[in-house]
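Each of the next two complexes has chain A plus one other chain: chain B in the first, chain C in the second.
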Partner chain A sequence: MLSTPVVVVTIALYLGLLFAIAFVADHRAKQGRSLIANPYIYTLSIAVYCTAWTFFGSVGWAAKTGLGFLPIYLGPTLMAALWWLVLRKIVHISRRQRITSIADFIGSRYGKSAQLTGLVTVIAVVGILPYISLQLKAVSNSFILLQGYPALEVPVGSSPLLWHDTAFYIALLLAAFTILFGTRHIDVSERHEGMVAAIAFESIFKLVAFLAVGLYVTFHLFDGPGDIFRQAAHDPELAKLLTLEALPGGYASWLSLMLISMSAILFLPRQFQVAVVENVNEEHLRQASWLFPLYLLLINIFVLPLALGGLLLLDGSVDPDTFVLTLPMAQQAEGLALLAFIGGVSAATGMVIVATIALATMISNELILPTLLRTRRQEEAKGLLPEGDLSRWVLRIRRGSILVILLLAYLYFRLIGESYALVSIGLVSFVAAAQFAPAILIGIYWKGATRQGALVGLLAGFVIWGYTLLLPALAKSGWLPISIVEEGLFGIAVLKPYALFGLAELDPITHAVFWSLPINIFLLVTVSLYSNPSLIEKVQAREFVDAFKDVEPGRGRIDVWRGTVTVASLKALVARFTGEEAAERAFNQFALERGFNFEDQTIAEPHTHLVSYGERLIAGVIGAASARVMISTLYKGQTLNIDDVMDILDETSQVVEYSHQLEEKTRQYEAATAKLRAANERLQQLDRLKDDFVSTVSHELRTPLTSIRAFSEILLSEPDLEMDKRQEFLQIIVDESQRLTRLINDVLDLAKLDADNFQWTLADTDLKQLVHDATKAVYQLYQERGIRLRTEFPDARVMAKMDRDRILQVVINLLSNAAKFCPENRGRVKVSLRADAHWVTVCVDDNGPGIPASFHDRLFDKFQQVEDEQQGKPKGSGLGLAICKGIIEHHGGRIWVDSAPGAGSRFYFSLPRRQSGADTGP
Partner chain B sequence: MKAQVLLVDDEPNILLSLEFLIKRAGYTVATACDGEQALTQVTALQPALVVLDINMPKMNGYEVCERIRANPAWQEIRIILLTAKGRDVEREKGLALGADDYVTKPFSNQELMTKIQSLLPAD
Partner chain C sequence: MKAPVSRAPLLPFAATTLLLLLNYPWLSLFDSKHLVADIPPLFLYLFVLWLVFILTVRFLLHPGPVDEGDSPVRPRTGTDKARGNRGA
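Presenting the complex of A and B:
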């Protein structure tokens, strides 16, 4: 049953079945009855994660390290919890931007950069080749094993010649199969429903095959898992596998494996293909994020029993990587062995098909097409080439790429693969794919990430990956001197690929992760901070980071093209990539949605975003960078090429940047000017006030001086003056001198108050006592004018912190003013004192003529005196209330008046009971 | 009969001193303590000369000066302004409004009397 013809026919039947499934699915898709539009198929397609590595390698890995195989599945399980947040955003962006691959995604994010997509493509191809070669190795090894049946080992010997090498034929077969699957036709959306259906089927098949072998070994060869673990526990060597001791590299290794597998589940090109590009509905992520971990659980459940069973039952010389196959073979369970073999094939082909299609899409869209289109365009422009249907070109390039990738993978397998275990080969690819994580994850959450940052970060990560993982692999396989690994490059010890800068404690994978990822992230962030993004980068950054904010895709986009394009020429260009029918359909849909008629509108005007729409349609086939080149051909007659466009973009962005800076500067200057103007006005106002004050003071001083001088001169020149006249004049001179003195004192007081260097002596003072003292001081004045003074005090003391002499001055001033304005002999003045928790208030109430409300505001200004019809000019300097106000306000208090003509006046002042911030006096 | 002089100032002590001085010089003297009163006195007495303070309540000296000059019947009245501010602009303004002379407070009695005598015709 395991003879070569039977095996070959079985493979052929299996592949035929796959093809039939794909065919049906494609057919259904065309009819609009998609087979795959449900979360279960979607989840199963993501399970392409489990390859021949899982199918054969996990058991081999578990046989060496016990639980060490687990982190590769724990990482994705953890990540699945974040899918709704992270993966949904990536899927959403990809749909809007018509992303065709992970390279396209990264390139688009950073301004549709051809450089970046090219770099990502190179990293993906170089990084994933080992992984594909791993599948070749697994399938060819298992095929050779079956051929050798009943022997359980691959015959040792020199590598066979090319045309005798099974792996070579397997590579060719897979290439043919992939070409049939992936490039039968070309789709606007770059979706492959047939492929997805086939992959989902393969995921079921490999699970069933693996579970079958697991159940057979566990329950047929042993009495259940308990039996296996019991037997293993008796063997001291095997017992170690049941603990965490067997883990190579300890926790650091465990952690780094989880980390890279977390990123692998999203950013391996094939995972990006199935999870993002092939996603038909974002909602499917809800179920997938728990269904997928469930799948992982099922496919891992028998790994440890199989590993232990193999170690217990089989000869030590049997490679643990083959246990899944050799266990049934050893028991002559030929049917099960064949099922296991086909299960392995299904795991391998699934991975190879998807990975190769993803890589071929990248190679054609990001590497070959941009160059080709550029040269073709020049030739077309010269009339050397007719403008043909480019979709056939695209297909040809893809097919060629698929063949080249598989042959390269075969080459890697021949050069290196034989000296490594399955798992080690796969992990090398994981680390390579992990280099994409920073550019993508930081790129979709931080607008500041720039093209230069992404380029430098990726390049550094890739170089470190190559140096720490690829280079030693080549050396170990004898293609480079092994001294590089053992002594470092050029014999420099710090450059040892497995122990950079003396870091020798980590296993090679962890070591590579330790250096490459942090440096990648660090450079991405730092270079981004110090580089200026171009306009298109900013536009794309916004599109990606704010993907969920705009309702309508493309709204707020900038149509960067200058010149005009006719609708017909745009449609013709799109048709060259998507085919006439699809282009017609897409344009009609656009017209329908936007509600306009192409017959009326022959020019694709910028505001309709039709050019952008066309660009996205083409991008769906050939990627963003190439689409940009193609659209630029429409403008060729207008002497603009892609470089011109890029120049314009950069120029524009610089101008925009510059004008932003100018605006900012202008704003700052305007603000400063406004402040200066305000300050200047304030100064001028103060200057005017000072001038007025000086002028008023001068006037007030000249008046008494005039009297003094006049009378003095009279006395001098009139020696014969009568005695009583002489006495009268002398009295006037004395009075006017006193008036002068008071005025000078007041002016000095006021100047000191203004200068804020008044000598304040703040102390707790009883205001009741103070007011009482004030009434005693004015007693004489009140007696003379026949005015009655009444007091109204609370019983308790009224304490507040104040400068006693100054407040006394205020109270005396208010009492004197009241006396001055009260009618002689009929005057009544009442001074009262109130206190609450926060304020003490003094009120001086008189029955004088009262003050019109229009004067209340000015009353406390300098030299503002209210003239009275009857009494004429009041006596005093006109500074008293201004000084009172200064003193009260210095105490943090308030002074005001309540008065009306004929209703007397009430002057109030309040002081805070607790001084706050007023203790500023020296 | 000596010429009549009207003294206008809101400071009683200044009025008192000037009244004493000018009477001593032999003129008849009338007084007013604000602008309105001054105009009433001018209408009633038609003085030969007015000594007019500028800074006064109710109506200032400038305005009184202007009103006197606005009446053709009063063109012969001489006016001496008294000011306590002593700035050139004030003198210019006063002279432009038709004042004949100008004295800044505090002044010497001699200075004022000389100006009064030069403005009034000798008998």
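Presenting the complex of A and C:
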């Protein structure tokens, strides 16, 4: 059953099935009914992490180190927990920036630097080659094993000639398959739905195949896992595998493997491809964060039982890396062996397809295209590049790259790989990919990271990786003198690649990790601190770090392109890369979203960001760095070189800064204006009050003046007036003059009160005595009008602190008012004095006409007088009560009235007694 | 209804805890050749811890359905009803 034709046909059928799945998925994607837009397919596509290394190598490694294989899967489990925070941000940024690969991501973060993308591409290609060669080795070894069935060993001997080497044909087959898969067409977003669907299927297949072998060995060949572990525990050699004793490098190695696999799950180019570039929806990360670790757990649960089972059942000459295959073969379980073989093929092809597509995208977008576009001037480039549809041309570069990558991987396998175990080969690639972690992680959280810092850090990390891992591998394979490893470069002991500067206790991988990563990080940070980022770097740093601070489209973004470009020429350029149809669609969508009409607007003006949009579309096909060069060709005569762009950015950011300052100033002025307006209103109000006051006062002055003048003129013009008439007129003149004097005194008092200009002489005063004095002062007036005045005082003295003269003025004023308003000869006025612990209160009670309640409030305002319908306007200035109020309030007291028409009036005022104790004197 | 509070900010702490639990000295506690129920203690520890962590991450990223629990929802509806009655 395991004859070569059967195996070949099975492979062909399997690959055909894959192709069908991809075809259906692509077809569905075109119809808009995506097959892969769910978290489960997304999780399964991330499981491309499990390659032939996992499928075959883990068991081999477990056979040597026990549980030492596990950190490679525990690291990703740890990282998956952080996906929601870290990977979601990376995915978000990548979608906005139309990132096509990890090189594009790093390059874009650091100012779309072509240098940096180039370096990342080189590191990725050189670093990942060993990993791809590992897959070739695994597939070709398992194929040879099946061919040799029932023998369980790969025949040893000199490497066969190229055209007899299975691995060579496998490399070619995989290249052809990948080309068919990944480069059938060019997509603006660089997404490959068909590929993702196929990878997801492969992930299911390899899991099922591995679990089948695991269950078969554990429960069919043995009596469950307990049986295997029991038997192993009896063998002192195997018992070591149940503990950490067998682990080379101990806990340090355990930790370092965990760390590099944490970064590998994100930053291996193929993982970046499936997790970031192919991500359909950020929400899928919510499920993938726990589903993917669950997948890892399942695929690892039988690894140790299989390794122990193999060691217990098979003889020592069988390579543990082949246990998954040789255990069923040894039991003549041919169907299971074939399933295991195809499972291994699925694990290997999945990795090879995604990794080579990712690398080929990088090589074409970041290395070949920029070089072509840069070295030749525009005119020459036009001659070189065929006019019209450039997308076919890009595809050809990609296909070439895929072939070259697989042939290089084959070369690595032939030169070096044959002498290493699967896992050791893969780990070399992990350390290389870990070098990207600082530039990306620091780059998306710290705006200060600069292009120079990233360049220096990456370069240093890569050089250390090459020196501590690649160089010794070449030496061990005989391509360089082995003395480099044993004695150090040029015989200098501190330069031994596996024990740099005497760090000798670690295994090579841990050793490389602990040298390269800290130096990478240190240089990235320090160089960043001491270098000045260009403006495009600052712009990009902000775009990346603040990715989740949502900016409205067009706001806060700076369009670096200036000058005139027609929409038609831009669309034509985009169409050359994406194809007519896709360009038409993309532009229509833009018009729809932003409310444009390209028939009215033929010029792509800077503020519309249409040119940047076009740039991103092109970047989706050929990468950011090349897209910039292509767009710049549109600006022909007006093309800006990078310095001009920087100047524009500089200018723009200065303008932005300046406008911020202006806004701030405007705010300050607005506040000042509001204050001024309020002050002005207050002044106008005061002015009105003053006018009212002046007009009232003049009116009040004119009345007595008029009568004085009139009577004086009579006296002057009629000298022989009768004596008693003359007497009467003179009396009137005197009265009116007194009234004038009173009025003027009142006005002056009031003015002083308002201006707080009074000279107050506060002293302890007996209020009883004071009121008594006041009644004496008004005695004459009361006598004249025949009004009876009664007093009602407490026996004791009533002491309070006050200005005696002013309070006397208040009491006299109240008493005179009462006399004025009482009916002549029938008037009754009572003045009373009460005192409690805190207040002294004086009340002047009359039996006058009373005051309607509506007047009570206004009574104490200036020039307010209650007119009596019968008597007309009363005598007085109308200022007396206003002055009283001013005086009382100055003392901290209160003055009020209680009155009603026909019920007399009671005027009260209260003063606080500041000195208690003084009131009880005799 | 009370808005479900995101538990995602706890993820880094969960990951840090796991990182500590997966390294020295915790591992050394289980590093023994004596089988527990025929399973090596280290193997058991690592896989059980792994599973627990997976469930933890699931819990942290999926705030459970709020209206199912014995929940702060119920007293709230009570007050609403009371308020309605007073209004009527």
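Keep this in mind: the second predicted complex is superposed on the first by the 621 of 922 C-alpha atoms of A that agree within 3 Å, B and C clash if a C-alpha of one lies under 4 Å from a C-alpha of the other, contacts with A are read in each partner's own complex, and residues count from 1 in each chain.
The definition used in the following text is that a contact is a pair of C-beta atoms (placed from the backbone, for glycine too) under 8 Å apart; a residue touches a chain by one contact, two chains touch by 3 or more.
Keep in mind the model is a prediction, meaning the values are calculated, not measured.
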| item | value |
| --- | --- |
| Dominant toucher of chain A (residue count), chain B or chain C | C |
| Which superposed partner A:230 touches (first chain B, second chain C, both, neither) | second |
| Partner chain in contact with A:706 - chain B first, chain C second, else both or neither | first |
| Touching partner for A:294 - first (chain B), second (chain C), both, neither | second |
| First, second, both or neither for A:672, with chain B first and chain C second | neither |
| Touched partner set for A:80, first chain B, second chain C, both or neither | second |
| Which of chain B and chain C A:717 touches, first, second, both or neither | first |
| Which of chain B and chain C A:695 touches, first, second, both or neither | first |
| Partner chain(s) touched by A:208 [first = chain B, second = chain C, both, neither] | neither |
| Touched partner set for A:736, first chain B, second chain C, both or neither | first |
| Contacting residues of chain A [partner chain B, same complex] | 695, 698-700, 702-711, 713-714, 717-718, 729, 732, 735-736, 867, 872-873 |
| Sites on chain B touched by chain A in the complex | 10-11, 13-14, 16-18, 20-21, 24, 33-34, 55, 57-58, 84-87, 104-110 |
| Interface residues, chain A side, partner chain C - complex | 67, 70, 74, 77-82, 84-85, 225-227, 229-230, 233, 239, 242-245, 251, 254-255, 258, 286, 289-290, 293-294, 297, 301, 304 |
| Touching residues (chain side chain C, partner chain A) in the complex | 8, 11-12, 14-15, 18-19, 22-24, 27-28, 31-33, 35, 37-40, 42-43, 46-47, 50-51, 53-55, 57-58, 60-62 |
